[in-house]
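Before any comments, here is the structure.
Chain naming follows the written order as A, B and C, and within any one chain the residues start at number 1.
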Amino acid sequence: MQQIPVILVRHLVKKFGTFVANDDLTFDVFKGEVFGFLGANGAGKTTAMRILCGLSRPTSGELRVDGLDVHKQAEAIKKRIGYMSQKFSLYKDLTVYENMRLFGGIYGLSLHDLKSRIDQLLGQLDLRKQRDTLIADLPLGWQQKLAFSVAILHHPSIVFLDEPTAGVDPFTRRQFWELIYKAAYEGITVFVTTHYMDEAEYCDRVSIMSEGKIVALDKPAALKKHYGVGSMNEVFLRIARSEEEADSR
Amino acid sequence: MKCFCESQGVRKKQIVDSIQTFGAKTLHRLLAFIHKEFLHIIRDPRTLVILFGIPAAQILIFGYVISMDIREVQIAVVDLSRDTISRQLIHKFDASNYFRVSHMLNSVNEVEKILKSGSVKEVLVFESGFGTRFMREGEAMMGLIVDTSEPNTGRLVASYSEALIADFNRELAMAGRLKIVPAVRMLYNPALQNEYMFVPGLMTLILMLICALMTSITITREKEFGSMEVLLVSPLRPMQIILGKVAPYLLLAFGDVLLILAMANFVFGLPVKGSLMLLLLESVLYIGLALSLGILISTVSKTMQQAMFISLIGLMLPSILLSGFIFPLENMPLFYQIISLILPPRWFIIIVKNIMLKGTGFRFVWKETLVLIVMTAIFISISAKKFKIRLE
Amino acid sequence: MIQAEHLCKNFASVTALADISFSVSEGELFGFIGPDGAGKTTLFRLLATLMRPDSGAATLSGYDVVKDYKQLRLITGYMPGRFSLYHDLTVEENLRFHAAVFGATVEENYELIKDIYSHIEPFKKRLAGRLSGGMKQKLALSCALIHAPTVLLLDEPTTGVDAVSRMEFWQMLKNLQSHGITILVSTPYMDEAGLCDRVALLQDGQILSIDSPARIVARFDKKLWAVQSDDKHMLIERLRSYRPIESVFAFGDSVHITTVNDELDETELVHFLTAQTEEIHITTIKPNIEDCFLRLMRKN
């Protein structure tokens, strides 16, 4: 794999008053990589992700997203990223086509491009027949897949996913990961935040955050080997336990 | 294993017992529930502001729009007598802080014109021969013509004028037994339609707002946060849930009644003319009515937003417009008058006005009271029917 | 202890539960495993007497969920999907409120919740809204237990909670079993199936399989291989075009495959794949619950 850093973070610090949400984060995410950004609730994942999306300003540190400086070019960054949250993805009271048009339009696709992209996507997802169906009337799994496709409709450099497959049935989940792998294969960097360790198993590399710091960063297989355990869940438990011991000392 | 079975048996017996002693525990549960509701209210300062800050602010704002004191009110004088006594009295008016003589009129015919123009609030009229009659008979009449289109100011102007004249009389009385008798005439609003109407009006609206809006919101909030599920699966009866939700607001709304009445009395000097007890009882009835409306709204709305929308648009707006608080009912088209008949505030305003401002007793409000009682009964029975013991 | 027969429930045109039957014995830790929309929440609401089935019947401890809902509400502890705590009340106030509502006191049943509540007791003056996900979960469980129920109905108690809290939570459930409490728990996470005595795999309102996790896995009727390679997209594409293959599913850092006739010529497959990708590892593996779930879904 070519190692072109698409996200470059050096000494990122984010403080809220005296509370340090991100404490000196340094990491790279490479082009076409599926990067897992893990940690318990409140570990600082969301804060860091917001900063990378240009939604929040870092207190200090050097950050580049797709070559753009987060401090100076936050607005430009927003055009090059896609985002899919677990809670909200598509407007349920709009049809499949209306949603695609809306989000394509928001990201500045021309009507011509949009039409061909939408047609192509509908074909890929086998949703041609459902073009004028309300999102609310689609099965949950389809909604999820569609949401992902819409998030990468404008071919962003990076797509941010928040717990993308939590609660999805095993079959749809596989289909979803296949979509992610495909996007990565096509050169889109996939940045997955989750606190569900099973999702971490699917990532190329993962970082684990705890109390504002990155405490581990490697391939899942390497982490499992390092801790001598069989799953990312156990890796996480090991790390949490050693953190706890460090705290009590 | 035997021991285990026994403990199960004991537990079953406990369950049976607890069903039997349900009545005894009911009160305890209800109190716990009410306690929880109070905690919700106390924890959210915004609720307290809505509950007490807004009523107090409203009363003050409405109250101070009405002038409470008079200063340098411009008056006109028709002095056909032109003697020392009349001049002394005119001078006394002019020298006081309350009045300033701005116009000297030549004839009584000009009085109406200048009052209508609004440039003066009062005209003093001394007829020709005022001074001579005064000296000869020791008593003379003079006229005070007051513009009462703003009733409060008008009344103040009249009473301050009378006080000045009384004062003048005392000074004269030292010299001998002489007396000027003022004849006061009110123009434009002789019945002195009370501008303190805002107190009953505000009380009616504020109670409706607090009770209906707040209860419907607090019940739908439990639905929205999912805690209603837990309440429903608990042994609490629907009636207990409703009572527990409503009781704190009943108390707080009653507190608002006291607050409004106290402010009316101490800030504006507007006492309850009739029976305070009767007024409080009527208020409790009305609060009950508004609360049952709130419950009714909560049974038909799933979210706080819906509840708020129904309360404000469906209830508050017609209450403000059609209760007779702002727009007099008599002047409305028949259609609106008929609609206003089903609005509880319309009836309660009459009750408060009668007891508080006119000082009438129950004999004069029993019909309105009956209407409120019937409405309450209807709302309560509908909401009891609609309140579900399950989630469906 | 719990008997459900032919439970059906529809919402407008949507079938939430289609003919669900199962039984749970006393003191069992029983799990309903299934994705969102499988009918878990509807089922739990039926059992918690919050809804009535369209047809079918269920009894808990001999009490019917429709007719005897009053008695049932006294003996069940129910924890709905979103921890329905009052965020503006403190930890302690939440607990006391739940106790009082059931006519119990915190003191008389403290022993039962001690293991759980002691984790959050140091924060008892804190508002529940300020607790972390794991602490909220513990408080919600304490509240569901405080009236000493004989049956616990826990609807997705571990959703949205971090790995450490999840592990602690399951440990607590095991401890509660020793008090003789029957526990029904639902979860969308397949990896939690192994922690239950028995599980029902739920999909589209139907039970795919119901048994102990070990026996469900033992019933998997195919040979299973895991294939690993760096480029997963190409690997999956290529595997799909390999004729003997029956199913191809991504599983973490590998891809699980079955073949039509349960035979696999590994060298041939490696040869077939290396045209596209570099390093290939193939190993035979034992299925897990998720493999079984996928297989059962396919059969349906």
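The working rule: a residue touches a chain if its C-beta (ideal position, glycine included) is under 8 Å from a C-beta of that chain, and two chains touch if they have at least 3 such contacts.
These numbers come from a predicted model, not from an experiment.
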- Path length in the contact graph (subunit A to subunit B, fewest steps): 2
- Message: Let me check something: if the centre of a chain is the mean of its CA atoms, which chain is farthest from subunit C?
- Response: B
- Item | Separation of mean Cα positions, subunit C and subunit B [Å, integer] | 57
- Item | Length of the line joining the C-alpha centres of subunit A and subunit C, rounded to whole Å | 26
- Query: Of all residues in subunit C, which touch subunit A in the complex?
  - Reply: 34-38, 132-134, 159-165, 167, 188-191, 203, 230-234, 236, 249-253, 290, 293-294, 297-298
- Message: For the complex, give me every residue of subunit C touching subunit B.
- Response: 45, 48-52, 69-71, 73-76, 78, 80-82, 84-89, 93, 96-98, 100-103, 127, 143, 148, 150, 180
- Residue ranges of subunit A touching subunit C (in the complex, touch as defined): 1, 40-42, 139-141, 166-172, 174, 177-178, 181-182, 184-185, 195-198, 201-202, 219-221, 231-233, 236-237, 240
- Sites on subunit B touched by subunit C in the complex: 4, 7-8, 11, 15, 18-19, 25, 28-29, 31-33, 35-36, 39-40, 43-44, 225-236, 389-392
